[in-house]
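For clarity, chains are labelled A, B and C in written order, and residue numbers in each chain start from 1.
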Amino acid sequence: MRHVLRALRARNLIALAVAIALVVSLAACTGGQQATDTGTQPKAETSEVILASTTSTQDSGLFDVLIPAFEKADPEYQIKVIAVGTGEALKLGESKDADVLLVHAKADEEKFVAAGNGTERKDVMYNDFLIVGPKSDPAGVNGSTDTTAAMKAIADAGKAGKATFVSRGDDSGTNKKELKLWTAAGVEPTTTVDKWYESTGQGMGETLKIASEKDGYTLVDRATYLSMQDTLDLGILLEKDKGLLNQYGVIVVTDAKNQPGGQAFADWIVSPEGQKVIGEFGVEEFKQQLFVPNANQ
Amino acid sequence: MQIYADALREGWSLLVSDAAGVWQVVVTSLAVSGTATLIALAIGLPFGVMLGAGRFIGRRAALLIFNTGMGLPPVAVGLVVAMTLSRRGPLGDLSLLYSKTAMVLAQLIIALPIIVAVSAAAVGSVPRELQLQARSLGASRLRVGVLTLAEARLGLFAAVAGGFGAIISEVGAVQMVGGNLAGDTRVMTTAIVQYTRMGRYGQALALAIVLVGIVLFVNIWLTSAQTSAQRWERRQ
Amino acid sequence: MSGVAITVADVRLKLDKKSAFELAVDRLQVGAGEALAVLGPSGSGKTTLLEVLGLLRPVQAGRILYDGQVADRGSRDDRLLSAAVFQRPWLFKGPVASNVGYGLSARGVPRAERSRIVESMLERVGLSGRGGDSALRLSGGEAQRVSLARALAVSPRILLVDEPLASLDPMLKRRLTEEFSSIVRDTGATLVWVTHDQDEAQIVADHVAVMRDGRVVECGLTQEVLNLPGDEWVAAFLGLQTPQAGVVIGVSEGLSLVRASEAEVWVAGETEVGSSVDFAVRPEDVLLFEPGVDLPLTTARNRLSARVVSVEPRGATYQVVLDARGVLLASSVSRAAVRELSLAPGAQVLAVFKASAVTWRASAAAGGTVAASGEDSTHTRDRHLNTAHGGPAE
């Protein structure tokens, strides 16, 4: 067991967060936690920071520019992204399998920090959601005045057998946002009763594709939609409404294995340098900002 | 260990109470993979017998193709089926993507080479002399074929078990062509992936236990068939 | 049910493009109800020939005739004439009874009739009441009995047997060979029995065909072929000396005196003085004595002094090769005799054998009665060859 732990401390065997969880829990069983106090270890040249984030953020491509920029600014650290739903991202933080979180479910995030799992939560940026659907728009979302009315229209058309709504159904930030919108519209759809309500349990990309194939409506973040719009038969039916904004926050996990690394990432992403990278992301490709940095507001 | 204990406790209660529609997912899995296996068997068995017992030009090439097909990556199958059935694909008008039919189709393609190759090997291992013996007693070709299948029974069990086992625990292709739609195309493997992603280890573990149980059952059945066959083993 | 005459005509069959082996039988005949043993070393094509005779294998050239009519592999009627018992019993999974009844079900025989026949067949092979046993749990001998019963159940008019007893121990093998042979003879079917064992051939068949490298090199009555092999290779395969050539120099009282090299040998039967003959003696028929010993009372005409050329063990006995004034003879003697007579190369002995123990025929060189068929070296003997045992006919 000891050599496994040593390898762990050297951080050269960590391939998967799940693997860590397994080894750590086994170590806990064998009393191996004592091992952290013994022996000396060579200082690693770079240390790995585990960032748990959401699939939608990963799918948007933001990390492809954000992480190289951070690693250039702070070469001591190497970021490893685990893209899961917001729900699991928070769980990974709770079990200390992640060092820092970048998620978008403000209420849950604040609960997470209040429970002592995170040192603090900071706003990083926001993006906005879109309601997309078939161009024929059988629910008439296009004519809706706001998000609540649009959701209601979809539900009504769905119950009349004219429309389908495809939900992520995966506890992700987007899914939580969607559920909030349904609640606001006074609708409580379930897959067992409502035939018009499909739940994919998958990421944003898959859900969009399924919505496209099934002529369904869905709620999507702008970044993912823009990166995939060419392959979809879906159009933007509602955007820029106040109810569709999506705030991202960063949380450093308390007592994480690489808390300094997590802290460094959190500090950098809210710094003017990190905010600039976020603000410029996507402008060249899509001619519009995908994420609006708002750390200092 | 706490994580396992919690997940097990939660998983067990989910299985017992069927709170999260766990059993429906199990039923869908069995229905889809069972159907795919049956169709693959109906198509693959005649091919297997032909390849195993027949002598014709191109037999070796065909065997090579099916043996290679056994290692066909399921995700590649899923990709091609998804492309074919998608709206912009050649069969897009059928609107089959993200349906059980699509899943059966993908699993059929994965299971078929396994069933053909394994049954060909099983039939090929029946001694030619045994077939000749039957022939010399006046058996028609059909009757010799039936006898060969009966003698190769064990290998055919392996073909069925192998095919079914491969597709029921496959996740990539069904995810791609089924879409993991709740109450519709959600099967055990895709649900496990989803629940794990969502951090719902209890639900994931409950399904994983059922899945392992099913695969175990299939293998126990196969092993017991093997043992009873060994008792019958010819002394010749 | 009576047997069917089989004729093989110009059959050619190459099993595999790469291998040199080719079955090439220009002519072979088995009369209706006759028993033919096909004798030859492993790999000589005996089994392949058997499969061809049973229409179990397509040939690349030539024909098989049943009762003078071309037999067609595609014809169910032709196929149903024969049944085979192979070297290994090849029993099917299931009870003994369903094995024995297999051919009957294939012929659509009703169940009641079938079980009646199955029971009588089991009785015939000595397995009465064993119909319910698992076929795959029988001993080797039992399994072959079932295999035989299975073939007999369909009342074949041609029975093809491929040394079914080869893997059994010698005692059991001999007993079963006789038993099988008599069971088969009782059916009246034409029998082709493949074997590499000349003793077995002697028991089961009245005719024998010797195969070598896919060809039938000799064919004739069992006693003739086994006593007086047609050529050196067949002689060597049978463990005999090559027949010796001689000229008849005198005839008296139903015996002929043949001069071969420096020796003179009495043979049974009369023939023209001056004619050339080939003759041979089975090693079992040649007795050895010390030279000059007072011979016990014997009617044996031939008493030749000979020199021992070689002494070789042959299982329980020794094969002693002798040179009797230029005539090569072999004698089969016991271990004790080798010791008592101090048999070793160079030793002098007296070889004694009866005139009736000598098998002979008019030699081919003299345009005798041996018919060579086609360009290959098959010796097809006429029925009316002179034999010591049968005496001269015609």
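In this text, contacts are C-beta pairs under 8 Å (C-beta built on N, C-alpha and C of every residue); 3 or more make two chains touch, one makes a residue touch a chain.
Predicted model, so just to flag it, every value in this text is computed and none were measured.
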Taking a step as a move to a touching chain, how many steps at least join chain B to chain C? 1
Which chain is the middle one, judged by CA centres? B
When the centre of a chain is set as the mean of its C-alpha atoms, what distance in Å lies between chain B and chain C? 56
Where the centres are mean C-alpha positions, what is the separation of chain A from chain C, in Å? 89
Averaged over CA atoms, how far is the centre of chain A from the centre of chain B? Could you give it in whole Å? 36
Could you check chain C for residues that touch two or more other chains and list them? none
Under the definition above, what is the set of chain A residues touching chain B in their complex? 21, 25, 28-29, 55, 84-85, 87-88, 90-92, 95, 169-171, 191-192, 198-202, 206, 209-210, 212-214, 233
Taking the complex as given, what residues does chain C use to touch chain B? 51, 54, 56, 76, 79-80, 82-84, 86, 88-93, 102-103, 106-107, 134, 136-140, 143, 150-151, 154, 160
Can you name the residues of chain B that touch chain C in the complex? 127, 129-130, 132-140, 143, 147, 150-151, 153, 232-236
Within the complex, which stretch of chain B touches chain A? 1-4, 21, 86-87, 95, 97-98, 175, 179-184, 186, 190-191, 194-200
